[in-house]
Amino acid sequence: MSSHRPVTRLDLHSDHDLSPETATYFAKCEEKLGMVPNVLKSYSFDDKKLRAFTDMYNDLMLAESGLSKLEREMIAVVVSSVNHCYYCLTAHGAAVRALSGNPPLGEQMVMNYRVADLDDRQRAMLDFSVKLTEDPANMGETDRQCLRDAGFSDRDIWDIASVAAFFNMSNRVAAATEMEPNPEYHATAR
Amino acid sequence: MSSHRPVTRLDLHSDHDLSPETATYFAKCEEKLGMVPNVLKSYSFDDKKLRAFTDMYNDLMLAESGLSKLEREMIAVVVSSVNHCYYCLTAHGAAVRALSGNPPLGEQMVMNYRVADLDDRQRAMLDFSVKLTEDPANMGETDRQCLRDAGFSDRDIWDIASVAAFFNMSNRVAAATEMEPNPEYHATAR
Amino acid sequence: MSSHRPVTRLDLHSDHDLSPETATYFAKCEEKLGMVPNVLKSYSFDDKKLRAFTDMYNDLMLAESGLSKLEREMIAVVVSSVNHCYYCLTAHGAAVRALSGNPPLGEQMVMNYRVADLDDRQRAMLDFSVKLTEDPANMGETDRQCLRDAGFSDRDIWDIASVAAFFNMSNRVAAATEMEPNPEYHATAR
Amino acid sequence: MSSHRPVTRLDLHSDHDLSPETATYFAKCEEKLGMVPNVLKSYSFDDKKLRAFTDMYNDLMLAESGLSKLEREMIAVVVSSVNHCYYCLTAHGAAVRALSGNPPLGEQMVMNYRVADLDDRQRAMLDFSVKLTEDPANMGETDRQCLRDAGFSDRDIWDIASVAAFFNMSNRVAAATEMEPNPEYHATAR
Amino acid sequence: MSSHRPVTRLDLHSDHDLSPETATYFAKCEEKLGMVPNVLKSYSFDDKKLRAFTDMYNDLMLAESGLSKLEREMIAVVVSSVNHCYYCLTAHGAAVRALSGNPPLGEQMVMNYRVADLDDRQRAMLDFSVKLTEDPANMGETDRQCLRDAGFSDRDIWDIASVAAFFNMSNRVAAATEMEPNPEYHATAR
Amino acid sequence: MSSHRPVTRLDLHSDHDLSPETATYFAKCEEKLGMVPNVLKSYSFDDKKLRAFTDMYNDLMLAESGLSKLEREMIAVVVSSVNHCYYCLTAHGAAVRALSGNPPLGEQMVMNYRVADLDDRQRAMLDFSVKLTEDPANMGETDRQCLRDAGFSDRDIWDIASVAAFFNMSNRVAAATEMEPNPEYHATAR
């Protein structure tokens, strides 16, 4: 069923020919991931927007950081759980299952991270991300200090905040356009 | 007083020498704006992050769009009003005052956009942005149709959603780090 | 990992010998379902409470009704999504996948039912269930009339309300005790 | 006036002849309470549903427990105050007044339990019930430990959670059907 | 029990001798009402504050208006129900019972005004008052027009708004100081 | 632009001749403030209401108190920020800028007081005012004790509560009537 659903509910004339640069990038996605994530297809109507998105995404999720890739994916899913974002919960829930080798952990991040067996460091990281998502007006030094007390450096705090903030953006682009996740994610790493 | 407040409350070792590329970029800011916006200084500890941010920001706020630059700034301020973001309200409130030549309009966007004398098109644009900010889980076809009925194309809807979503990100980076706006903004275009 | 987690975080001395009646009931569960659902184990410290729970549950979810079994499970999951109940989302999300033969539908109920391809009748049923969950003080004749307009009888409305209300109870018992779902659910009907 | 209001706003064909079992049960209610509580009348269209409801209700509110009957009624009223449930506030508010011999205590439970002169144990019990009602997703070990610190056993915690959860169900059935309390309650134990 | 509770939890040295003016005023209260409402005692530490309060209160609740005294008391109770204000619900709930001669109506205003048998005019008046209480930032021309459509003049709208606003003040003074209602109210007009 | 906007959106026949008493009062306003604040004009349709308002306002904001006039204005603005009240944010934001000689402080009160460089005493005062605004039902002894610990007397607590409560009233009268601030405020003390 889902395979026939459109990438978004906006008519962005995305069916034009891809630019050579984007075509190459998408071919690389197919090769590495076995698919082109729909979020990239949704941005493909404009090369500059696609590149700005992928540059920021790749830096946040893949660059060197005091946070592991799994931890960054956990933040992505927990923020998306607050915002009930179908696209990001599906895509990044699969990533947590795959990176952790622990399918129930992925489900817990989707459903309610508070039940997961996390150490104090990861719990502090997710508590901060949820508060930043739900109540940004109330963030303060106390919240930063909780992260420092849990062992994070100020540089790590920047990364936690940036990943949580990024998915508050991405969840909203997906919600506003009803972005459809690739159906392949559902069965990944179950 | 404010001039002695740090750019953020995180120690990111941003006091190192800027890369030549960033130094050039900041010099251009000084020349064009009379200052380097603190948000750029806050990202300057990492050239790649700074560039990802500025690429996305400049595309969203300055590229060709069915939305005027003023309209994009209005969205920025209204989203930031929901999130009570001191940095963005200060910087983008100044932009609304300057671009509109109407200082009370800037104040209305900061305080409560519902009192402003807006046409139906701009009101629909801001209503959509506020709902997307407050309740992304409930967005749906009805919300998109309201924008279409107000005269927006699907391409415009992408831009409204993207700008509103971006400031939901930016507000949260500012909140998490307690980013300080440049004091110059307060007196701008009063 | 999950298999070693306790059924609840309360010490209810549930490790005593089961009564013959309960032992027989649990043997029947094993035979029919391949497991004893943990919710039943959690109530097994008191035969009367277990029976009161199962009598109500079985009547609501399995008795004759204008709602199909799948529809009742959809209500269960959607209510549990609002309440972020890990136990019920896991157990009843599996039921939606199994009964529908449509794994993405189960995920949509868990994550955000609004993105699912539902007809007006099922959408009205779930909208009513969510409002009853989030804002019971505001229910009124208008809400009942929406269900009637979507084709439901007053008897059906009783069943929708009763199932939604039951999971508002069950979610809270699970949340208060941190009830652990059987790990078998995670891989069911993917 | 109220005496002419229907038991619920659903047409459930409840005016048929009662089954002999239910007729006997209702006669016993008349004898002991001087009336048949309307909630029982509302379930009387289906004997099995009525019995499932009364079995669970009677076990929770009347069986042996570390909580007194008054304490269970206090939980009922406080949960119903959060949910603004007219039926349960009326019926169980009367019960608190009658069981305590302290009419203002009944009013405080209806209006705002925080002003009542309660000991730490009862306050902890009600604080837990309110959090479980308002924010089940955030319950955790800390909340259970508060109850243990106030002197409750784990078995008592089960009962507190079960009573609070039950009225989250019952409030919603009453809200969805606009269940009308028997007018006799208003003047009881003033 | 309640009779020994202090008028507020603040030590305002209110036990000094009353000024002659206030003593006369309180004697008149005793004569007309059989008591001095505790809210007046709480303000009696400062004659000017007491007089400012009573001048505003008496004008709002007793002066000529398109709203009956009962209607103004209904607004008072409904606003106080949203704010869970024990003092105002007790004192003004009694007033609704007394002025209407309909004790259940008083209870409905306290518990949930939506179940009461109100005409469209009074329902619109209370819906407006509740929205103004819960979400003042979202009030607009649509809300005023609903009142006009229900038969209210603009002058009446001023009075509805002023009474609802006043109790949003009074509820908060009572909440901040834990103001205790006179015990006589509980049994009034049952 | 703003200068042509009506004082409120209600037709209160305020264009009649002012009473001699009010005319004198308004002349004094013109002389001292250079304008008649629109809130006074809005009440001028009824001398008694105007006087009740000004008596209470002048006592709260100008009488002897343990709170400075600036501190009372800070409370006014912070409460109005929660309620997004355009009138009060504009008028009292100007007052904070003028009384403090620190324009950014005024902006911080409007936008998010948590970023301001306040001492513990003023922060406790504003935290109390915000909780009283957002969640009056939950106020209790703990909240009063926080103010005492920060150095406030019980008499000061009365004043904090009274000012915060007053602006919860005033914000709602302004919101319900769409009261327009005098345009002079926008440029004051920038």
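A few remarks follow.
Letters A, B, C, D, E and F mark the chains as written, and numbering starts fresh at 1 in each.
Going forward, contacts are C-beta pairs under 8 Å (C-beta built on N, C-alpha and C of every residue); 3 or more make two chains touch, one makes a residue touch a chain.
Because the structure is predicted, anything quoted here is derived from the model rather than measured.
Among the remaining chains, those touching chain A as well as chain E are B, C, D, F. With contact taken as defined at the outset, chain A and chain D are each touched by C, F. Two chain pairs are in question, C-D and C-E; the one with more C-beta pairs in contact is C-D.
Among the remaining chains, the Cα-based centre furthest from that of chain B is the centre of D.
At the interface between chain B and chain F, two copies of one sequence, more than half of the residue numbers in use are shared by both copies.
Between the Cα centres of chain D and chain F there is a gap of 43 Å. Chain B has its Cα centroid 22 Å from the Cα centroid of chain A. Multi-chain contact residues of chain D, defined as those touching 2 or more other chains: 84-85, 112, 137, 140, 178.
A list of each chain pair in contact follows: A-B, A-C, A-D, A-F, B-C, B-E, B-F, C-D, C-E, D-E, D-F, E-F. Interface of chain A with chain B (complex): residues 9-13, 45, 48-49, 51-53, 55-56, 59, 63, 83-85, 128, 132-133, 136-137, 139-141, 143-144, 154-155, 157-158, 160-162, 164-166, 168-173, 175-178. By the touch criterion stated above, chain A contacts chain C in their complex at residues 1-2, 5, 81, 84-86, 89-90, 102-105, 107-108, 110-112, 115, 117, 178, 180, 183, 186-187, 190.
Interface residues of chain A facing chain D in the complex, by the touch rule stated above, are 112, 114.
Those residues of chain D lying in contact with chain A across their complex are 137-138, 140.
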